[in-house]
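The data blocks that follow each hold one structure.
The same subunit A turns up in both complexes below, where it pairs with subunit B and then with subunit C.
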Partner chain A sequence: MAPPDRDRRPILCGEVRTSVLRTSEALTARTAAQLLNLRPDEHVLLSERPNLRVASPQLLTGVDCRLPSLNGSRPRAVGTVAARAVLTEGRVLQASAFARLVPGGGDHRKPWGHYLLRPGVVEPLGRHQDGEFTEGFLAAAPLPGGVLNPGAVAERLLDEVLRHRLLDQRAPFKSGRTRLRWVALPAAGDGVTSIERFTVAADGLRTVALRVAPADPSAVAALCEDLALHDWLLTTLVALVERSRLGSGDREAVLTALRPVVDHLLHLWMPGARVPDVLSGVWETLERRPGFSRQWQALVQRIRDQVALQTVSLPRPVLADS
Partner chain B sequence: MTEQIFRETTAEPRTQSLPLAHVSLELGHLYMEDFEEGPDRLREHFARVKPWADAARQAAVVMSGNGRARVSTCFLVDDYFTQFSSPRELVPLLLGEAKAAGLEIDYLARESACAQADGVALAASVESRLVESPPEGSDGSRPGVREVGWLSNGQRTPSSSTAEAMGRVVPWTPPSEAGARRHSIFVDVELWNEDPRRTWSCPFLAAVWQLARLGLLRHRGSPVLEPRALRPDQTLPETWSALPPLLRLNDAAAPFAAYRTTSVLPSRFLPIEHAVRVILSQVEADAAALRQVAERAAAEGTQVPEEIADRAAYVFYPGP
Partner chain C sequence: MLVFAASDKGGTGRSVTSSNVAYRRALAGDDVCYLDFDFGSPTAAAVFDVPGASRGVASAGLHSHLQGRHTEPHRIDVWAESEHDELRYRPTGSGRLVLLPGDRDGGEFAIGKDTVRRCVNLFLQLESEFDVVVVDLSAGRSYAVDMVLEATAQPELQGVLSRWLVFHRWTHQHVIAAHGLVFGERGIVAGGVERGHDKGALRDSIRFVRAAVPDPESPLWSHVPLAQSEWMRKCDRDLTELAAELELGYARLLGKIPLEPVLQWREQLITDEDVLASKVAGMATRQALEELAAALVDDEAWERQ
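Showing the complex of A and B:
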């Protein structure tokens, strides 16, 4: 088969919301499958190696809106945004919404059935420029109304799953939600996947720009979910360690504060676990600089040292009690 | 390319494919009112259908692109809105009258099968696959403009009560059809009501029926509403619920599901089938099933319209 014409390969864009699942105990595979059974006639996808990851079937939301751009020329686009919910180790919930911008949609909106045959594809009507779109979409401000907003789709899905009756609404620790907005442009030349930007803006929005080799859009979205998951883990761990006042005098209070970290977070770190080879360059770059795993390991080591110190110095009765 | 060594089947869903005919030809829909008028009504029905059924077969050959066409025939009996007669009494009568007119019914379906068949809630599954056509300005931030239990082909007139509550007098705005050509033909279809239990509307079940005939329904990757014949030792049952949801009457028949459907119906069915079209154009069908149909058609050199709603053709004859 001839290699696809690079200039005609579509851009992918999306947004991921990540939150702790508000339940006192992590969900088992079975309960997780119930939680994410968003469509009765489709499978919930379940993977248990190397960790438990459960993904809902994909849902579509119809859009007929403008594409973002910085220069104000906002072409109209019509299609569907695909969304799914993903639960890792029964504990971290993500809602991910994404779309492929496929040019050649003509100048007029087609019958709706046309778009439903292309799930997750948004067709710009008329001309648009990839660079304009990328800059407009990744600008850190909230997207203006009437402009393609996968984040809003993800947000709604996240809220819907978090309200599920299976959840007792008791999160084991305090944590925030993170938002990661991403764009994947076709890789140039030899088609090697790379990351061009990972920015954390003041308002908490993470923006990622990738260059990707030809790959399934769902795999690219999964890579961004993986980035968002580990960014959330790191953010959450940093905040919990800070709140525990690690290094202050009261070791027992520190340990109490860190207990949920040990119980619920430390085993979740597995960057790139399911990323296919063709997309794996992204993690290699991030591990070189800033070194996500380096920071994580350093924090984990600090926590383990505290636990070890405490165990050595604990008086007997407390030990017996625990 | 490196081969993937480790796989988990629960992480990679499979969709089974179905055998396909070129055309699924529907020879009629039977309701209690028709039945109550006696065997003469059935005889008249099949006599009127026959010439159109023949024409539909010829058209199927023209469209198959290879000089031959696999055509299967089907007939739908209502046992959902009202139950009448019994399979033991009705089926032989139906087959006899069809045969007298020179027609053969290959498959007989019960209407309730479109709501629920073999333990699968088909209608509910299809409803969960509706993705409404978005009005201009939909950027993903608002949920679908869905009125619960209704589906339209455009934008409704804004509710006057909302405007009044905000203390404004808003002049009436007409509803509009999405993609209208100059003027709108706005349709709002009731999908179901609760009285007190959920009752699916006739157009909604008819849309499920079309999707089944087009081979586009699956439940977690498996085919649903698969035709079954009676066992050789089995006789036609007394109750409809004891009859297979989709009964194969002819062992030599072409497959039930097909690339296209043709339904020969009296013209009073026109509004229902318009509503079916409104529904079909907003259903996100199983992507793998769609792909299987497209690949098979391409391999056979048969053209299948891209849009699902365009795969259904009708003959509306002047009829009772």
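Showing the complex of A and C:
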């Protein structure tokens, strides 16, 4: 039998969208803070170690929606989705939105004041099954209209920031956006954090299912932002190396194509840098298999070898030492 | 780069020619995206031979995306989803070829501030992902044309290179109509200026493409009687003169696609297989498409005044 609602630990769900910042030069800490100053009454968060990361204040979006499910039951839920924008090294922009599904919301919708006191909490009205929700939420297809959709909240935020007047809309290289949709269920028993699923669907959607030790919801969301950031970096690097036709004849063309990679991407790889210890098990698993860093390092080595070869064979270096 | 494909009338060859140009850019290694903004008749997917989308998709097409009904517009990876034998495998060295189809039950729609904002977001996002973004616009001074004129006048799109291709057939009426669409009182230039575009810059970003042009010298006509052949030559000369008078002359001409029997029969991409192996399509057509695809990204061709 399922435990009574009040004994269930809430599950978290969210989505992260990651894009290059469309600007020819990476933003400094100061301009980044201006860009992400999305609420006049609150400050941006700025951290410079081990790399520059600026985060906007948290924004809330009220939702009165259905919970996704595969069997079509779709119970109603009311509350707020929390979102923020994060900029890493003035170059990679992410919008991240999440909600905590807290059972026991009763059968009827309460006044908004109730929900505003619980930022980032969505209360299902009536009963729902965590398993049903998880499967429905992580299903690869786009979520149907009217359903809880942190991705749509994140997308709006991302577009809004990307249109800011501070940006000249000239990115140094072509790259796509990635979407990473995630749920975090409470870890059973000893409460060790682990990753149960990391898949890439045909339409590019990444889905992640975590089991997490008791932790601050925003720390779990930050872990997912970190996963999404590195997944985007790897995806983008693979695509750029492929486009450069590394290994084909024309060395100089290859180097021209790789130059923005060297200038703007290679220094961004720092998996787990800000992930608290209770959640770090996730990165350890991913590093064992599929081995994100191994693939990244291998690509970086290939690029550096090309640069080195070229510098040797040309009268003057095409690329500065990097 | 954003490329807007426009024409005064339907049936000029706008979709078929611009799809072929998109295909040839992708073969040349560019990442290319093709947007079906012909809201009344979204048929681009048919040209790319994508099953199930030939008259637009059932949901999440561009139409419903721009109206805010779907956050994610449907994307079709042509190399993966096309049923065309030659398209099913992505050739080495080629770029991506992605189609954003229209909605089956589309139709023109009124444009509000939100539509324009979504359109700007879409263009900015795709432009940062693809080398070439081709936008196939409904014929005439349609809502689609108004919307992209409005969108490209927004400050966020000032740093983004936009080019216009205006397609027309090679007849008296079509030449006059194409002139009207661009330079007329209610034309693209006037409409753009109304929305804040710089007149000179907008004019300079427009080139014409003549589609389905009968070539009097072509073997197709080698058996017609002399009088008829003479007559065709004369028509061609007269049209050339008319085009020059109406500012559709050499300086603003980007390409000229011959009348192609294969395209007469079927809206499709002209692959090298069609030309070289099975020889159903003409070498001259392939050549013209190839040249147009090259001219599209050749800055010199766009600097001629």
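Observations on the model:
The rule is simple: the second predicted complex is superposed on the first by the 308 of 322 C-alpha atoms of A that agree within 3 Å, B and C clash if a C-alpha of one lies under 4 Å from a C-alpha of the other, contacts with A are read in each partner's own complex, and residues count from 1 in each chain.
The rule is short, and it goes like this: a residue touches a chain if its C-beta (ideal position, glycine included) is under 8 Å from a C-beta of that chain, and two chains touch if they have at least 3 such contacts.
It should be emphasised that the depicted structure is a prediction, and the values quoted were computed from it without experimental measurement.
In the superposed model, A:162 lies in contact with subunit C only, and not with subunit B.
Contact with subunit C, but none with subunit B, is seen for A:19 once the two complexes are overlaid on the shared chain. Shared-chain residue A:247: touches no atom of subunit B or subunit C.
When the two structures are aligned on the shared chain, A:60 is found in touch with subunit B, with no touch to subunit C. The wider contact with subunit A, measured as residues touched, comes from B rather than the other of subunit B and subunit C.
After overlaying the two complexes on the shared chain, residue contacts for A:175 are found with subunit C alone; subunit B is out of touch.
In the superposition on chain A, A:131 makes contact with neither subunit B nor subunit C.
In the overlay built on the shared chain, the residue A:147 is in contact with subunit B alone; subunit C does not reach it. After overlaying the two complexes on the shared chain, residue contacts for A:106 are found with neither subunit B nor subunit C. Overlap of the subunit B and subunit C interfaces on subunit A: residues 145, 149, 152.
Residues 2, 6, 8, 10-13, 120-121, 124-125, 128-129, 131-141, 143-144, 178-179, 218-221, 280-285, 287, 290, 306-310 of subunit B are the ones touching subunit A in the complex.
Put simply, subunit A touches subunit B in their complex at residues 39-43, 45-49, 60-66, 76, 78, 80-81, 97, 109-114, 116-117, 119, 143, 145-150, 152-153, 156, 277.
On subunit C, the positions that touch subunit A within their shared complex are 29, 31, 60, 69-72, 75, 93, 95, 120-121, 124-125, 128-131, 155-160. The part of subunit A that touches subunit C in the complex is made up of residues 19-20, 22, 142, 145, 149, 151-152, 155, 159, 162-163, 165, 168-171, 174-177, 203, 243, 245, 248.
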